[in-house]
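The first chain written gets the first letter, and so on, giving A, B, C, D, E and F; residue counts start at 1 in each chain.
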């Protein structure tokens, strides 16, 4: 089967709607298909991967820890919009650690988070074969 | 009146629409994704004066869920669901900006 | 105080039903009366008898059922709008029969009724709070 | 039964979502309850009552003619945000005629449409007992 | 060309399913192949066998069923996501049985399957178009 | 690429988000409530240059349904669903800004 480039476009905050959770469920399944997978976090989508989420007060499942599993599934390209972060008063330090082990670099642990400018996002987007939006 | 806003001011225009109409006796409760309006960010000025007047509340559970407890703008008052009920009882007609 | 609730969205897709449930639970705990919860638009999907949520997640429908919101006659005051329900495939036994559909899918803690029940809730209750998208 | 002031708050365009249609269905039912009924059209809600809607191309029901029936149900307070209209390049001339017969004025036909400023909307809103949002 | 479609919203509440249907119909009329329509999130509600829309309105579910989108083996390629469906109370006979629910509500023009079918559609089809809120 | 926008730029930020990322080879199709972005209004400048470059399309049925056929901004190209299919075929990857 040919390898295609899949982009998962995440633009909504978690919990207010189900899109963030069900998008993550697709990504975990996608891993089994050995395609080239990227995730983009733009607009309020950046809140999906913010550190310190605690859902005890709203009676909903906190699924934010699941993003940590992505590295084990060889999904390690999480592009986060620099503009979206800064508009929201956020920076890379506010994002939860999401890492992978680089098999090409003696299994060194590296961050899967890449903060990118709009120009970089434009370029990444242009390379995709399939874009799944939620 | 109690005005509720449940969407982020980055995603939708509902907070602005509420602010265009709200009167001086009213208060605002931010809930669900609306708590993003309570964070200290480039749109905080929209609510700054009302917050300083003690008229802006945010639902604590929603704030914590979105990881922004330590990043709130000044003068935002946190309430739990019990406090939400009190706001409804105290402030008369409830208007939801969906 | 008598409080009524309108819910415009279905379970899981939007937080509306969760927020309304937490609100209703808190109101009851404080001694208020939830006069009626009226489920409109996709809100009617909150009455499904068929949902099977993941075991590690909340069951939105059961939460509502367990609150047991009823009137003095013991009838459920979790009311779903008949017009919105028919359009979306939510049927009780009576409506299924009338429309020649085999099967029905309303949790018995809910009942189907007309939009007049929403207006009546607005009239009878001292507050009406709307939860939606 | 006591009379209460009911406000129907319409902020969404028609057809893209069902809220406009199902809001109108509530209003028609509400008429039977002899309450004081007002409708507000704010933001993209102003498109609900724009003239010349034609849904032939999208396979959906054109329900815009139903607004004409409101007068027969004694519903004749349709408040339209002046700001929302002008931001959208619209004016009163773009709104479909929606009229009622005034029983206090020898059944003269009058427009149910009232274009209002934000200040007027604030005042109208403050008088309401119940606000149904869609 | 082989085209796949993803639909994120249910019938009537949002235009997504209507737009996707008009798109699919036009694509078929032009000689393209709709490889698969994958219904995700509330989109699973498009498969309801219980909907009774008003007589003067379109029947969103029947429209899809009448397009008859199938694969070479004659299986429906109107596919609803099993995880999303269970959460929302959309069950076929097999899933109802497995989960101890009496009754099922899937129109036979649709079938339930896993999320892998969405990824596969993205791989096999030359285009994938998403319709949502 | 083909970018689709299905919400009004008065209600949501999706058109702006699309414009922040779109490259010079891409085109935009406005559909559903997104056709409100095609009307001649205070936000028309967002799309004016792209429209002048022939890169902005709007779905005819959605434009007519919302009564804005005679109120479109300049250089908006109307397409029917068949034209929508052609845009998908011609422009490669489709990106929906939901």
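The rule is simple: a contact is a pair of C-beta atoms (placed from the backbone, for glycine too) under 8 Å apart; a residue touches a chain by one contact, two chains touch by 3 or more.
These numbers were taken from a predicted model, which means no experiment stands behind them.
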Look at the interfaces B-D and D-F and say which one is made up of more C-beta pairs in contact. D-F
Shared interface numbers for chain C and chain E above half of all numbers used, same, or below, different? same
Name the chain whose C-alpha centroid is most distant from the C-alpha centroid of chain F. C
How many angstrom between the C-alpha centroids of chain C and chain B? 26
Using mean C-alpha positions as chain centres, tell me how far chain D is from chain E in Å, no decimals. 35
Could you put a whole-Å number on the gap between the CA centroids of chain A and chain F? 27
Which positions in chain A touch two or more other chains at once? 15-18, 43, 58, 60, 129-131, 133-134
Quick one: which residues in chain E touch 2 or more of the other chains? 8, 12-13, 15, 19, 22, 41, 57, 83, 128, 130, 132-133
Multi-partner residues in chain B (2 or more other chains touched) are 6, 10-11, 13, 32-33, 61, 80, 93-94, 96, 98
Complete list of chain pairs which touch one another: A-B, A-C, A-E, A-F, B-C, B-D, B-F, C-D, C-E, D-E, D-F, E-F
Which part of chain F faces chain A closely enough to touch in the complex? 1, 13-14, 17, 20-23, 25, 93-98
Within the complex, chain D is touched by chain E residues 12-15, 18-19, 21-22, 56-58, 63, 133
Residue positions on chain A within touch of chain B in the complex are 12-17, 43-44, 47, 50-58, 60, 62, 64, 86-90, 94
Chain D partner contacts - residues on chain F that touch it in the complex: 6-8, 10-11, 32-33, 36, 39-44, 60-62, 64-71, 80
Name, in rising order, each residue of chain F that touches chain B in their complex. 10-13
